[in-house]
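First chain A sits with chain B, and in the next complex the same chain sits with chain C.
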Partner chain A sequence: MADFKTSSSILTKECLRTQICGEGEWPKNTVIYQPYETEQILLPDNSKCLSVKTFLKMAGLEFIVEARENAEYMSPHRGKVPFIKAGQFLVADFEPIVSFAQSKGYSLSTSLDETQKWDLRVYMALVNNVLLNAEIYVTWNHELTYKELTKPRYSSVYPFPLNHWATYNKRREMLSHLDVLGWKKKSLDEVFKEVERICESLSNFLGDKKYFFYEKPTELDALVFGHLFSIITTPLLNNRFAATVRAYDNLVQLCVRIETEFYQSRIL
Partner chain B sequence: MGNLYAKPYHDFNINQKLSLQDFKLLGNQEARVDQVHMHGYSKTKDFILESSINLMFTSNSLKNIINNAEIVRKNLMSLNCFENISVNIDVSSGSNSTPNGYKVTFNVQELTFASSILHSVARDNEGIVKLGFKLNNITGHANHFKIESSIGNGGTQKYDACISKHIPGTISSCISGHIFKKKSYWNTVHGVFDEWGTLFDLLFLSPYKSHFSQNLQYEGVIRDINMLSKESPFKLREESGFSVKSSIKHITTIDTRDSKVLANEGVFFQMVMEVAGFGGDVKFLRNYFTSQFYSKITKDVVFQGSFGGGVLTDLGTFKKVNMMDRFFLGGPMTLRGFQSRGIGNLNDNVVAGVTSYWVSAVHIYVKPLFGMESNRINEAIRLHLFCNAGNISFFGKDTKSSLERTFKGFRLSTGFGVVARIGNSIRFEFNLCSPLQYSAGDRIVDGFQFGVGANFI
Partner chain C sequence: MFKPHQLEVDTWKGDWGLPSIDYKCLEVLAFARFTNAPINIYHSNNPYRSVTGHLPVVSYNKRLLMDRDSLMDCLEKQNLTPDFGLTSLQLAEEHAAISMIDAQLEPALLFAWWMDESNCLNFTKPWYRNALKFPFNWYYPNAYEREAKHKIYTLYNHLDSDNDIMTEVYAEAIKCMNVLESRLGNNFYFFGSHPTLLDAVAYSYLGPLLKAPLTDNRLQSHLKTCKNLCIWIDRITREYFKIDWQAHKCNEKKKLEETKQQMNVTPWYKRDETKNVLIGIVTVITMVVYSFKIGLISVSDTSDEEDED
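Now for the complex of A and B:
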């Protein structure tokens, strides 16, 4: 038995290594786990899920979407959705998934030169820092949105008294996240001003190009599409958030382009 | 034991010491209790004590009086109001006395209002230290309050606030309410379990035969399962997150053992029935039982036979029962020779906790100092030879095939070792185990295994 055990553990390690190093082998039956779209998911999570799905579609990687009400607790990085299960690997969040795909030899940014790669990284960080935080702010810190939309949606999958408990915990966590980044004390106007500013710079960067880096879509396109499309299509209390984004015509056009190219079924 | 004094009846010479025969004669002679005195209490209310003491007036012989006095003493002690109680039995004198009358005096010493808690318990193969404080007998109605925190060597943390009250009567009962927070770990799969909950418990004790008790409990608890490592089995990971259990539990216990840990004779039987689904999101029906039977073969050799089992029926439609509800088998105190929760293949997509199990054990205990009179070593340590068998299975709809599966490929292990008793509830075991029958995927221990706990098979 002992011999069998050691040999089997060596085999498992070997398997792992070939999976890590093996290029060009995107694991079959890759599953992407996310919360329920119609009744549960919130704006920030929806953006991230959409970004990941768009990235995988752009890279031509196959995946199955599975909705779980406890997706954020199942995630290997607690609270971060979506996560993918690729073979034996669990990877959560947009950027780790991108680098995981890269390690398998699937990347959308290989054709870029050094400066473009820097631009890509800078803009991705900007989107994550501003758009994501703005979404979190609106969802969790804006009192009225929290009461009217966030709380009923987030607690919809839980029975009493867990609906209050879980929502309270999640809100506390999100607020402390905003607090650390200095977003909690901002007013709604300030937040929208930030959004406006990033939209403007993204819009300027995009210009008349088809995608941010000319003809081929990159990770940045996937990320921006995920966020902007979610912001535009998610019904909030007033459409100020969506209106801020809609003001930039070329960004909306980018969303439409990606939408028609990769998601035929939906109409913006 | 309290001090028990008996003074002879008028006809006997007072200076003469009572022989055993005299005492027997005296014991069977008709007698009645004229008066019962209680001394030494100030805070406790009278009516709390009355119902316990009433038993004294039903006694009809001296032997009866002595027996009843001991029962009353035990009942009074179970109120948790007194530090110690001594009993004094004397012939009654004075104008109200009858010819066969006796006077019984209980000298009690009340507990101080506040006291600290520091003691150790063992549970689920883990030694736990409890720290805290309690307020005794707050208003004099035998009501208590305590707060304690427990820390175990396996990482378990528990904080518990408890308020309890004794209700005296022909069926003595105790109501208690708990609020607790618990954190425990399952290291093999890197799992953390958090619980926040309340527990209301109604305990019925038959006062004359204290070995029979029943508990009726309500438990409402929020559970959180967190899998820390990416290597945790995905099947278990799927169950992570919050769930609420709201259940009613009924526990029947019969315990005639002479010691809770190293018994010589007696029977122990405990049956737990639990129905969950009064609110909350898990619904199930769970029954499980443990039984132990002890018999003395010779003066130094004790035989123990144990059997236990359980069935869980999932009544839920949307949300399934999770790993905190299902049964796990294996461990140094149950199915020896296997790791804690070590039975069943974790990577298998099916076996992550089971819905039914059975486990059995046969022990032969030998006192280490063979042939010697009972002494401390013989009381605290025993050598034992054991044989364990058990199995896990999923109960299906088809009874016949379920029954077949129940016994197909059962696990068997044997071995010998040392059992030690610490205090009156902690059991240590150090065994050399050899699993004889097991399936692929079981986490076995072929060699020395150390176990500590209060519940064992």
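Now for the complex of A and C:
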């Protein structure tokens, strides 16, 4: 029985942060930190930043975007961007930010029933595990893309000796991440096959609904939008990645819908 | 005579009622059993000939099948797949659920087996040392430990201490178990009356987590409270791995009987308590005799009288 107590204490420990900040208003002057969008940011980070911003907009929470060249090193969890500064708290990455907002009473998924919550969870895991890794693969492991796009962009903000070292280090980190997940030895074709498969799954799940869970947008919509929109709009060496996603009409429609509803100014 | 090709699988042996103790082997075995694929199983316990240094080694028609996707492709070509009859929506759900399970239960299993020090020293390494043959048992357990640690540290390199990593890994795994539990409900299998790939994958992680006799078993004690999952694991073992299940039951019975017999038969002079008391008595006697001999205690009337004088 003592063991069971410790197992539940793991969960409580994890919730501790949210318990400390307690329930209350969404702090004013919440700032979201991210790398520079035009010169610096890379595809995986861009997707995550866009997901977080979309989520906050959907929940109707106010925030200011600040671009910092060293956002990655300012983050409370090393290397994870974007992160938000809300009152006294620093929260990094999509899911922790979602649960932070939830502790403040802002959630998009409260009206879902048990099966829908399961769906929400598994599809979010799918996007985080497959689509994100595919983006990392294209950005860091594809030799040409790395040389032509990733390296100049990533090193652009650092002065001379640091730019080589920082880029080399980051690449090593990302490659070993792909390696332990078994993605490094995949060929580009296999990666795109994975992307196709995930798009097919998402497209099947979306069907002809307005959002993934009918009328109201949820965290899943924000996450999927962030990734797909970045993939479609980011210029890469060739448009194969974007074309793979574009083949699924209802997913593109979803992106357009969210884009017009929450970001009037941009053009798809 | 034409002989159809069979899947040839080298695996780790089973224990505690499971057909194999390694999650990857277990997945292949479960998958083959669910599809009724013709299969030859060798409990070789020897990863020496494997390219990756890991078991299982799966081959079909002398071609190696390295991962889950190639195995599925190979079986699908023979019209063997457990996912027949699922709608496209269910297939999408299965795809998503498998990615969640892979991402959240694998680190938990690796952490519990290799990163937790007491488990690693008292359970995992001894098990592998016993299963492997002489020169290999010096190498592979350590190599596996290194590999598991490398994997965990790479995946969670944004966290600083082992304790933080443990909290995160276990919390994710517990949440994952909870949603699986509520998704399974009272169903026989995840998608109704037939096991699918999702069942195979989930079983391969949850089976070892539930059955392995770890010294520090926080996840296990949580999993035991998920009644549906426990029943479901036992159901799969009973229906698809009958031989292992029966062997395990026989072993358990034998052990129970043995312990019972020992309890009844032990005569009084063989029990631990009597031994301890005897040793105590002997020690006390020796000490007393010794102290007499060196003169620490002396019983003499004469000296008393002399003092009085």
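The criterion applied here is as follows: the second predicted complex is superposed on the first by the 245 of 268 C-alpha atoms of A that agree within 3 Å, B and C clash if a C-alpha of one lies under 4 Å from a C-alpha of the other, contacts with A are read in each partner's own complex, and residues count from 1 in each chain.
Here is the rule we use: a residue touches a chain if its C-beta (ideal position, glycine included) is under 8 Å from a C-beta of that chain, and two chains touch if they have at least 3 such contacts.
It should be emphasised that the depicted structure is a prediction, and the values quoted were computed from it without experimental measurement.
Asks: A:Tyr123 in the overlay: touching chain B, chain C, both, or neither? Say first, second, both or neither.
Replies: second
Asks: Looking only at chain A, is it chain B or chain C that touches more of its residues?
Replies: When the residues of chain A touched by each partner are counted, C comes out ahead.
Asks: So in the superposed three-chain picture, is A:Ile64 touching just chain B, just chain C, both, or none of them (first/second/both/neither)?
Replies: Neither partner.
Asks: Please work out whether A:Pro161 is in contact with chain B alone, chain C alone, both, or neither, and reply first, second, both or neither.
Replies: The answer is first: A:Pro161 touches chain B but not chain C.
Asks: Check whether A:Arg78 is in contact with chain B, with chain C, with both or with neither, and answer first, second, both or neither.
Replies: both
Asks: Touching A:Leu144, do we find chain B (first), chain C (second), both, or neither?
Replies: neither
Asks: What residues on chain A does chain C touch that chain B touches too?
Replies: 78
Asks: Given the complex with chain A, which residues does chain B contribute to the contact?
Replies: 196, 222, 224-227, 230, 234, 237-238, 240-244, 279-281, 444, 446
Asks: For the complex, which residues does chain A have touching chain B?
Replies: Contacts found on chain A: 1, 68-70, 72-74, 76, 78, 85, 89-90, 158-162, 165-166.
Asks: Quick one: in the complex, what on chain C touches chain A?
Replies: By the definition above, chain C touches chain A via 67, 88-89, 91-93, 95-97, 99-100, 102-104, 150-151, 154-155, 157-159, 166-168, 170-171, 174-175, 179, 182-183, 217-222, 225.
Asks: Note which residues of chain A are touching chain C in the complex, please.
Replies: Within the complex, chain A contacts chain C at residues 3-4, 6-8, 10-11, 13-14, 77-80, 92, 114-115, 117-119, 121-123, 125-126, 128-130, 173, 176-177, 179-182, 197-198, 200-202, 204-205, 207.
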